[in-house]
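Worksheet: one structure, shown below.
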Amino acid sequence: MEYHIYLAGEIHSDWRDQLRASIQAKPGITFHFWGPQENHDLSDAIGEHVLGEQPNAIYKDLQASKINNLRTELHLKKADLVIALFGEKFKQWNTATDAATAIALGKPTIIIRPEALHHPLKELSEKANVTVDTIEQAAQVIDYIFA
Amino acid sequence: MEYHIYLAGEIHSDWRDQLRASIQAKPGITFHFWGPQENHDLSDAIGEHVLGEQPNAIYKDLQASKINNLRTELHLKKADLVIALFGEKFKQWNTATDAATAIALGKPTIIIRPEALHHPLKELSEKANVTVDTIEQAAQVIDYIFA
Amino acid sequence: MEYHIYLAGEIHSDWRDQLRASIQAKPGITFHFWGPQENHDLSDAIGEHVLGEQPNAIYKDLQASKINNLRTELHLKKADLVIALFGEKFKQWNTATDAATAIALGKPTIIIRPEALHHPLKELSEKANVTVDTIEQAAQVIDYIFA
Amino acid sequence: MEYHIYLAGEIHSDWRDQLRASIQAKPGITFHFWGPQENHDLSDAIGEHVLGEQPNAIYKDLQASKINNLRTELHLKKADLVIALFGEKFKQWNTATDAATAIALGKPTIIIRPEALHHPLKELSEKANVTVDTIEQAAQVIDYIFA
Amino acid sequence: MEYHIYLAGEIHSDWRDQLRASIQAKPGITFHFWGPQENHDLSDAIGEHVLGEQPNAIYKDLQASKINNLRTELHLKKADLVIALFGEKFKQWNTATDAATAIALGKPTIIIRPEALHHPLKELSEKANVTVDTIEQAAQVIDYIFA
Amino acid sequence: MEYHIYLAGEIHSDWRDQLRASIQAKPGITFHFWGPQENHDLSDAIGEHVLGEQPNAIYKDLQASKINNLRTELHLKKADLVIALFGEKFKQWNTATDAATAIALGKPTIIIRPEALHHPLKELSEKANVTVDTIEQAAQVIDYIFA
Amino acid sequence: MEYHIYLAGEIHSDWRDQLRASIQAKPGITFHFWGPQENHDLSDAIGEHVLGEQPNAIYKDLQASKINNLRTELHLKKADLVIALFGEKFKQWNTATDAATAIALGKPTIIIRPEALHHPLKELSEKANVTVDTIEQAAQVIDYIFA
Amino acid sequence: MEYHIYLAGEIHSDWRDQLRASIQAKPGITFHFWGPQENHDLSDAIGEHVLGEQPNAIYKDLQASKINNLRTELHLKKADLVIALFGEKFKQWNTATDAATAIALGKPTIIIRPEALHHPLKELSEKANVTVDTIEQAAQVIDYIFA
């Protein structure tokens, strides 16, 4: 059996590798992991990279966001499970956008966030299926689901 | 004709009143405006207000968020148009959550944000139908749509 | 503005009247309340009442359930809000069925159940938007949503 | 060809093994069976197992239910067929919840229940595609569908 | 409150008038009834009536069916309830088509058919919410639903 | 690549074998064909076969239809393409039911019917994607689609 | 009863007025007509009108199209019926876009096009419910649907 | 992993081959490409090819379009990504129809069009996820999405 898991959120740490390493192997099951572009500079520049120089920063951003959104949409729609990590440092609206989109599309969704962020994330956390504090806890949940 | 418009986002200013005042009257059309609870203290306390004291801050938040999410969900699902305002000061994940949910539910959506926020909001802006800088511009868009 | 509210659950008490009486009047808003057949004998007999005597108790039940399900489906699909009450005495699977159906159809849903039932109802409660202990608390939630 | 079958309901007997053993082998077809956590203690404790001790029994239940619901949602949404068994002894609302959710999501659904329970389950039975009395009868239905 | 009821099926009798006359008045509720074109000749000729003579009988039929299907689709999609009557004499595939479409679109559906037709209609009847033998029984069901 | 094709309609001829034989082999593509129970006696008796003798012919039919409808629903929902054949002799409402359901579910659908039936099937034919007169023509269409 | 009709297509003639004038009055029925911005210059300039001068023609177009698309989306989603007119002179891709979107959203759709355009519009015409040659024929179809 | 990509649009050039050649190989990923019938004469004649001579050019077109639309619908619904190319020369409404349908069905969609066509395609471009000028740019986007 094959399952697609989309890993939304923070791109400045190796949390995706940690998560993959923490999940127990399950006989007969293959997980395919997808996520956003993790090279921040490339993510910001991809619009100009493909289409050439844009007239200003807003349109540089707009063209980059179109390609980033296409990537996210394609992989999110294929996903059987979505995990979104909010870090201490980067309070990205992108992560909230991806998690809320996943939930509205009916995707089973786990949020990982440090307990210190519980207040500003309370509505989004409550909409998600499960909210945990650490990467290891998310891996435990995955192990429980597929056991 | 009656249309429901949901006004997501910032609750610490009178932007909803400004918007309503800026929209031109249209013969034969009534707009019903809805939005989140704008009394911040009540919004945070509504869980304990209804269910009594909770054991800690996390569960106080969780119960409040359940009732706030119910309010948002009911009015968002009835909405014909959603407008989400991001202010300079409060970088709420809630606003991103509501806007992304509206878009995923297929609601026509306008984002209002100061131009200074274009970079961190670029992906969400690109998913919305229209992004403007000011409340007056949003009113102009509404006038154009219903003219 | 008109909103339809479906009141699922217990039919052997006057909780629907209590709820209606507890909700504050809201200028410009009319609530239409619907619910299951509250005459238990008629509810059980409606199949034979319409179609004549059936060969045995199972088919008497089947024909009654078809008509009861049609009633529930029509009003549930029109509902903007669903409230399901679980009483101490009658542990109806019907109430769980209606609440779960409402949630799966994307209807904003409130569950009312005595705190003593929290354990057996924990999964259903968690799927609903809000769970409260009393009829008055449900009315408070409705007042909050439409304020 | 691969089909996913979700087996909702009673977790205190070996009915899932009996069902699997009763289904005839079909050349070229593989069935993947999923169901809820069958270790009752683990099912109740999984919230605290992952997130640590909770302040009271209600929140212990709430955190467990979140993880159990995530498990159910993921496997139910992948299912091509859902079978829900109601036993004589444990009158779980969970089973009704899962069956009603499956039906509302458009999943072909079989209910197994002892004939003695026909009356309290009449509305849910009527919404399901097929209701049978025994595990062997459910296996016969599966054999008929894939013959 | 206003409800739309689509009356599919036989066009060579006055059953729609009989049904309307049999339903009890309900204070505060208005029913809007719609159905197919009941003038059989006009129904067959409407394609040529609008578009002019067609090259042969098949294309005369095709153009008529396009306009008849548009009529049915528009009113069926607005309907809160669909009632389909199969008569003894005209064994129309159109009625089965409309009833099956209504059911697949999630419309609450009642079938009226003489008991003598139970065998050939068994699968369609089982998919509908309720099957009755007479127009009066259908009116009784409507009275029960809206009481 | 694998595609599921559901073959609805007539069960008293070998048209399914003829169709399979007429389709050209396509490198890299496997077609899985499904259809209703073709043993008419078993199809009528399956309810009693599984559940034991029923009190009368109507309930014998009802129980059979439940199992037949489960079979059809499961395979129809998996189908990438639906083909429905109407024969000269058996004017089954079942075939119209299955074809209309497939179309309402958004399944690409081909109807095969002798030209002599064009008039009574005109509305259903017009809703289907393609209508042809012979099995060989349906095979030609499939060859064209996957070439 | 109120119905919304969206009139897509050509903006350089008074066909919308002609159509409205050609439809017969129907007691108890009100039609609300909506359509795109018919002032071509304003339609092209609306982006700069709201947001100020853009850096080049492509971005002037992009900002105008966002507001035009929001207008179309809002009114199309409310529509009970969509009519799209293709004129001889302006071979707009916009009209095809709106008609195809309406059809994919499940809106009953009529296309008006001069017979001379039958070949390039054949696939779109076939997806629509009805295709007619003149405005008067479209009015006749509307009269037939609501008679 | 396998992904289906539908290549809509121009059929008189070898752009599909160019695109396939420009996409970088990705370990573990197979792309299946589908598109319309590229033999223009066969595409126009397929209706008569299957069903025999039709009475006039309009009905020849209608029958061809039915089969072409079936082909497009089947492959578009299976697609994970849709790419639509508008060429300088053939201003097909078909391409706009397919792209708008894909977008309305929620398919991630890329448009390729020469910059010279930006004005007439502005609304459709804005609805698509990404618009590029050349085939190589589309390939770059695909490389970015699956990297």
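Note that the chains are named A, B, C, D, E, F, G and H in the order they appear, and that numbering of residues resets to 1 at the start of each chain.
The working rule: a contact is a pair of C-beta atoms (placed from the backbone, for glycine too) under 8 Å apart; a residue touches a chain by one contact, two chains touch by 3 or more.
Being a predicted model, the structure only gives us computed values, none of them experimental.
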item: Chains in simultaneous contact with subunit B and subunit H; value: A, G
item: Set of chains whose contacts include both subunit G and subunit D; value: A, B
item: Chain separated most widely from subunit B, comparing mean CA positions; value: F
item: Pair from C-F, E-F or C-E with over half of its contact pairs in common with B-C; value: C-E
item: Result of counting contacting C-beta pairs for C-E and E-F, higher pair; value: E-F
item: Chain centre separation (subunit B, subunit D; CA means) in Å; value: 39
item: Separation of mean Cα positions, subunit G and subunit B [Å, integer]; value: 30
item: Rounded Å distance between subunit G and subunit H, as computed from the means of their C-alpha atoms; value: 24
item: Residue list for subunit H, restricted to those that touch at least two other chains; value: 66, 69
item: Footprint of subunit F on subunit E - complex, ascending; value: 57-58, 61-62, 64-66, 68-69, 72, 91-94, 96-101, 103-105, 115, 118-127
item: Subunit C contact footprint on subunit E (complex, rising order); value: 1, 80-81, 106, 108, 110, 129-133, 137, 140-141, 144-145, 147
item: Touch list for subunit G against partner subunit B, complex; value: 2, 32, 37, 46, 49-51, 66-67, 69-71, 73-75, 77-78
item: Subunit A residues touching subunit G - in the complex, by the definition given at the top; value: 55-56, 59, 62
